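In the two complexes that follow, chain A is the common piece, with chain B as its partner first and chain C second.
Our next item is the complex of A and B:
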């Protein structure tokens, strides 16, 4: 009963599903790496054994993906590093989103001088490159994983603030908001009960994109030694350590790089696909 | 050229379907229509009846998932359905012109209007750009735009809504097409402008011998402007005939209901007239609301040069609303009628003057007093969907005011919502649905139920029935009249539609440019309009000419 005309949308649907399958497979691989590898009996991220230093991949069943310069199991280390990266990113994005939502709601609802002031602060902050700002802050305040999460979160709220504010500015003119006002609803009530639920979908889309961005930033910081500190493994740190052995043992660099690629690529493809077709998502 | 005896356009058993994720939806079924050269036909129906889909199909402009699943569309003997892109391009603009609905979105804001018309000419008649522009100026002159030379060099935002619609008509006629499709060409315009535009369209198509398909939801307007009328209902043509015949003797049951529901000068009022005693000045009852010399000024923006110019939205407005009565404020966009409503709802503060509610001034209410005042005045808005939060169920929307004012526990509120649903004649199972799952008319009933939740004394109805199809509009008006009697409500009824106002109001104020230019009972206003502007508004009501018995209310 479906004739020739319907093939175009169907082909599109198929392509969408393919990119969704690829991206979800990438994310699932990383998830397995994080969740399943720690259950494996050979999981020992910190145990050094100089005898097996710089073991190549697929040679020794005890170290399936080889070892680093200190003879630590790479598979175990990359599993922990992925976990750390993902948790740091999720934590940071949650903080950014929370701060951005709050500021966006207040600025968009109140308008006027409050709005101008808040958005000016955001614009000033945007003028300073994020990585540069973080380098300065970490250098000044020191580095612990928790501090890193908070700093990554706080320097990144502006995008959320702007998106939320823009939505609120248009929502507040809608008749249903006026109806709540005339029913006696306060600004706080309207923000909590009507504006927040209506801006959340946009925030989620932005956050999904952002997790990838934050992972890159955190990896960059760790790469230059300002992020996660050893002995805790981190993807950026592993790449940094591995680059000394690029000629002899490329796996040391390639493995964490591949995990970063899977994480960011998977998140980007998946969120792109889902944004294009939000009703299905 | 065309053989004048053969029809210009034949739609032969046309069915149109849309492919969606949930299967195909039939939009038009077995539609037949024959349009001779130079004749005018109106396709009438409510939203979703398929009337615009037909227009799109004739132009080959169906959405990507739309398909003509059976039948033929013969334009001058050629089947449009079988044409490829190139063939369609030769057809569009050149032989079939289109006048779209919304003059705001259908013009490119970054291009001078003259160039936009010239572009349409250049695409088809391979002429030099300067000649095309010259022709564009002629077209602007033809559609009645004064100073066409200057206007052609202006951008859309420099023109009024009516002028922009004329520009669209000029574009539709640019290549002297044999057929012009006008899809709701005047729905976005004020009534008085609407009439002028329609007359212009009439004259031009007659002069040029262009056939016209007029797509509209307004049966009275269709009957007035077209030779033939096709009435559509849920994708089918239920009635076809000459305009006069369809209006005088509607055969199909739906058309009959439609003809009866159209608010015209002949419509009977839905509310009993006010007894003469209560209208005299020595009436012992104090009015519920009194506006005394209310004025609202919006500070103007600083211009690039010169002083900022303030905008006076409402100027020296004085009127009152008696308990249990409906006072209508009528006017066009920008007349200040909505600002008046907002001041009564305490969303806007008057710049000067006083608003007295039940004996107390509410002009400068704050805090607790404002909160308790809110219970007594409630709004119903124009856009049935915009006035409900899409994430709330019907029950949550109606319940919210009760929660805000701490009225009753969960069980009592539940019972109250059910009672309110019953009052507005909605089935109880609707309570758990969201706005996207109910119709426009049902949404508007939910809006009314929410307004009634706090048992207000005054309901402010801001264009509350304007966005609804005529049949639904009639039902909502009846509901409002019934609720007024049952609950003793007072209404402030804001509208641009005098015919509707006549059906529901006890007292009418005509507003123009912030000032009340005429006041009286509906009868006084309609029978003996004093002000020129009121006469103009009355003259603009479609359907006055179509029924000869203009001496109404025997």
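Our next item is the complex of A and C:
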């Protein structure tokens, strides 16, 4: 918010705060779902009971939000699924960030042919739609949760690499870096001790928004059956299963849908507040 | 200009080669023949298949056959349908392009209209309401929004067909799903750039010399916002394509995305390969067009 001549700073701030409140409410609700539900005595995400198949919500105190086709408790399952989605996204984003930081530091510091080669690899990767790339990789390599985290992480480093590289390119001309070089600091030392702390803030901002993007991608993949595989609950999978009961038992679809909405919305509404840069759908 | 296009096409071919190499390497991690054949296949079937796919020679030779085959469009026959895979994919291409292009155009034009209208009105409440609506829309992934629209418009109200691509009415829900996603994205972008611009000296000068508000927005601000928005549009094509692939599963839409996913689940791997190559090619071509468009719009950009 740099526009100093903005005519209505108060109104602006009020609106911004509202979206931050919405964002925090959404994220806290999901956090509660993930952390508190497993402490509840009825928490049984995997127990099937065909007597209680497709129980509607708010009818049976044993299953507060109803059950799925196999008679598994929906509240428990959606809690585990939310946990899986969040952990997969956090893991994947950490990998993207780590790879991107490393490549960005090396490319920006060394410049020359190494830089050109690394950035060319990034450009090539950007020329393939991420979902398509993931479908190919999953088709060939399978999709255990851990592998999925690694693949989601590896296809998404380019943004981080570019941001870090751009910062390093300008940082390396600054006096404090020249001073370290004069004092005999090695390249590796400079990258670790002087450049890394300076690029981290930008990386954190990018990573925060990426969590929402990755949750979308992961749930889409799980929805079409190429992401998290059945015994493990996942939000996308629950929606694809619930879709069959849209006319009879709408809760099966709406509940995981609401969790996804809260997760992604929590991040999107924060972005409406914190940055004017919502460039990554 | 000509040289620039040639360079870009060169890079496009390099990109395709990289994808194919990745595909080839991924294939090496498992026995493709075992993957392709049903579990009850006999040893004789395996051998026959291995020969048919040319998997008995040295790796370099296999790689060469694989790459030249792919680049000349000969990726073999679909295993399930016994027809050239490329033919099957190209048959499905129009359905996918229709969905993606019409959603993009509708979404982009609607976003432009809404953003310009909001800016001309100067009504902060209207702008803020539009922004909130956009953020809400962005918080729902396309496939989920599609299901919700099916629920409301088909299941509850019975207005429109939910799946398939048989009549004009069956286009409404899929296009609406993807187009609203695009509207939200570009509305937020236009808004961001308008916000940044409003404080500029040239805007104040224009107001001071008595330029009307519609003229200020349409003739002065919009052309400046259009450039960065088109850049982002190029970057977001991947999200559009990815969203379409998944949407085709929701709506039973007979496009490339559904074909590829079916290929994966049925282990029909020539189909997957042909689908990926065709999609990547189209994607690369569109990116080149976006770059050229950019140069047309901004005389400062010199293509070298």
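The definition used in the following text is that the second predicted complex is superposed on the first by the 257 of 281 C-alpha atoms of A that agree within 3 Å, B and C clash if a C-alpha of one lies under 4 Å from a C-alpha of the other, contacts with A are read in each partner's own complex, and residues count from 1 in each chain.
By our rule, a residue touches a chain if its C-beta (ideal position, glycine included) is under 8 Å from a C-beta of that chain, and two chains touch if they have at least 3 such contacts.
Predicted, not measured: the structure shown is a model, and the values here were computed from it.
Contact comparison for chain A: of chain B and chain C, C touches the greater number of residues. In the superposition on chain A, contact is made by A:176 with chain B only, not with chain C. Using the contact criterion defined above for the overlaid structures, shared-chain residue A:184 touches chain B, although it does not reach chain C. By the touch criterion stated above, A:56 is placed in contact with neither chain B nor chain C.
Judged by the touch definition given at the top, the superposed model places A:64 against neither chain B nor chain C.
Touch criterion met: A:197 reaches chain B, while chain C stays clear of it. Note: residues 3, 5-6, 8 of chain A belong to the chain B contact set and to the chain C contact set alike, using the contact criterion stated above. Residues of chain B that touch chain A in their complex: 19, 24, 64-65, 67, 345-347, 371, 374-375, 377-379, 381-383, 386-391, 397, 400-401, 404-405, 447, 450, 453-454. The part of chain A that touches chain B in the complex is made up of residues 1-3, 5-6, 8-9, 174-176, 178-185, 189, 193-194, 197-198.
By the touch criterion stated above, chain C contacts chain A in their complex at residues 11-12, 14-15, 18-19, 22-23, 26-27, 29-30, 124, 128, 131-132, 135-136, 138-144, 147-148, 150-151, 155, 181, 185, 188-189, 192, 195-196, 198-199, 232, 235-239, 241-243, 245-246, 249, 260-261, 263-265, 269, 272, 276, 279-280, 283-284, 287. For chain A in complex with chain C, the residues that touch the partner chain are 3-6, 8, 11, 15, 19, 123-124, 126-132, 135-141, 216-217, 219-220, 223-226, 239, 243, 246-247, 250, 253, 257, 260-261, 264-265, 268-269, 272, 276-281.
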